[in-house]
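Structure, as structure tokens:
Labels run A, B, C and D following the written order; every chain starts at residue 1.
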Amino acid sequence: MNAGKSTNLLQVAHNYERDGHRVVLAKPSTDTKGDDMIVSRIGASRRVDVLVSPLDNMRERVLALGGIGLIACTLVDEAQFLTREQVEQLRMLVDEDRIPVMAYGLRTDFQKRGFPGSIALFELADTLEEIRTVCRCMHKATFNARLVNGEMVFEGDQVAMDGDNEVTYVPLCGPCYQQEQDKVGK
Amino acid sequence: MNAGKSTNLLQVAHNYERDGHRVVLAKPSTDTKGDDMIVSRIGASRRVDVLVSPLDNMRERVLALGGIGLIACTLVDEAQFLTREQVEQLRMLVDEDRIPVMAYGLRTDFQKRGFPGSIALFELADTLEEIRTVCRCMHKATFNARLVNGEMVFEGDQVAMDGDNEVTYVPLCGPCYQQEQDKVGK
Amino acid sequence: MNAGKSTNLLQVAHNYERDGHRVVLAKPSTDTKGDDMIVSRIGASRRVDVLVSPLDNMRERVLALGGIGLIACTLVDEAQFLTREQVEQLRMLVDEDRIPVMAYGLRTDFQKRGFPGSIALFELADTLEEIRTVCRCMHKATFNARLVNGEMVFEGDQVAMDGDNEVTYVPLCGPCYQQEQDKVGK
Amino acid sequence: MNAGKSTNLLQVAHNYERDGHRVVLAKPSTDTKGDDMIVSRIGASRRVDVLVSPLDNMRERVLALGGIGLIACTLVDEAQFLTREQVEQLRMLVDEDRIPVMAYGLRTDFQKRGFPGSIALFELADTLEEIRTVCRCMHKATFNARLVNGEMVFEGDQVAMDGDNEVTYVPLCGPCYQQEQDKVGK
């Protein structure tokens, strides 16, 4: 959604590390083509400590890096791509290992449907917090519309894999999304 | 969860009506045995204006009571029992008819799984706000455990229909829920 | 502001007591004519445990009722009338005695100026949370306008003591407050 | 407090500008030695559009840059150094000129006292939102302690002007601040 999730994550990492506390940065490899960087739109970027594939056990991957008492916080980017099992493993990190977890991700896809990781976080997280951004009309944006080669589309896979076309997203409020959807007669 | 959802709803209704604005109170009939009251634990209660069955169109039911410009706000209790279609209809009330909607409900069931209505609200609502309550250990409660005749259970239907047994719920934090689940070896 | 502060306080008390935890309800006696009830607009009400005068030590008054380990939470109504010293004493209850405190009060008076207790809470509280209500125009209300015998006034004492006149308050948003103030040419 | 205020401000500016909307960045010149940059700890930085001295009229300074319909949002850094008059002028930008304002600043100084600009924002802002950071003990930090040449001090001017000494600040939670204050016997 380009609202500042990665910026926020990098700032939280900085806040912990400023006092000498250690954080673990993680990210699912799925659909990000194995890219292991967390990149903020305002210029900062940083390599993750853990790149997780869908079958990886998040808890084990994190604890392998230091364990209880050594890790102050686990920060996860692109958390919408986590599996339910991985979110349950993060919950265990909190409940059993007492390591706080902050996971950043999109709420819904371009068709207003939750991602598996987002729904699992909705079900299992202690606190839900929104990072807001504005719609083109200046109201708060709630949804993400997909553009393929600059055209708004309302059908397709949840994750666009279409290598030949340029796929981008634009944040929209409810009424603006509806207006665009009405235009294409769907 | 007994955290104060109905209390909050009744207070919001009062806030609107104090200035002469009209609100519509709605509630799904499902699993509430057709009971048409909204009851706060601290003593207040009130009859709903619309009792909706699963096939009802929420938007039509609300607009039948007055329409745009006449209704200041729609307030929905037990919103976890709404269908996805009904939440989409509420979204239309907001986007097309410009009538604000506030829907109150549980996030998850006793097995930490979202209700259909809650997941739809997670996907479609502009803002998510939490009404908090405390666990027995005094930390913030995140989950609801089910008691059947006073015993904590971790299996069963999402909505308990078991007429012969007394089914109650207790709010627990993550670690306390885990501790109870470990006790029953599951 | 009539937004639901007392309703919320009574619900939180209920949430604690439901599990057998003990809460202390307190209220400044100042400007409330010694009335020792907490009254919700939606019907519930309850007697306070501690009615504090401006020179009372809040910490001592609370600890006299049970002390550490026995009191789960202290709830304060009309907290805008506390003194800075009393808010510091509440802070000590949290930091030294580890008893959580939730204080409910108005942010500002009818001239958009903070009350002593509100400013002290702004300075010393761990968390600030807003209980919202609507303006007559349906936007979020930010300010309180004073009506004396039904007429909006913009001058006078912070606390109206005027026994012969009927003083009431109405929540307004920024533009509506400004509009009213422009009318009286001030 | 080094919690990420400037990072957040720069991200919000980016969110608006991404869609071609224009923002105005402002900052009081007081006590910042006329430095006209907004600098994020995670690497981004940017020059302000308006550097305001204490007698400047904030509303006029902003409107001089474009006026209603041209400016999407005004973003203010180090807002604790604004005067009450300037916060009132920002309020007029919102109420009269319908230009949203987001002001970022510290809540309190190292002695737990509000800055003039912070108290004015507490009194006049529509919404208060907290940017959190962690204490050395990993709990949420509420206060800022001052270090002069590495030593914690609890007396001095609200704004340290002491050119020969190194003045820094460290975020602390309530109990940790109290513990440090007890050490110096005050």
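To be clear about the criterion, a residue touches a chain if its C-beta (ideal position, glycine included) is under 8 Å from a C-beta of that chain, and two chains touch if they have at least 3 such contacts.
Being a predicted model, the structure only gives us computed values, none of them experimental.
In this structure chain B contacts its sequence twin chain C using mostly the same residue numbers, the overlap exceeding half.
Spacing of chain B relative to chain C, judged by their CA centroids, is 29 angstrom.
Averaged Cα coordinates give chain B a centre that lies 39 Å from the centre of chain D.
Shown for chain A are the residues in touch with two or more other chains, of which there are none.
Viewed as a contact network, the protein chains form a single closed ring in which every chain touches exactly two others.
On the chain D side of its complex with chain C, the touching residues are 91-92, 94-96, 107-108, 112-114, 118-119, 122-128, 130, 140, 142, 173-175, 177-178. Against chain A, the residues of chain D that register as touching in their complex are 2-4, 7-8, 10-12, 14-16, 18-19, 21, 40-44, 72, 133-134, 136, 138.
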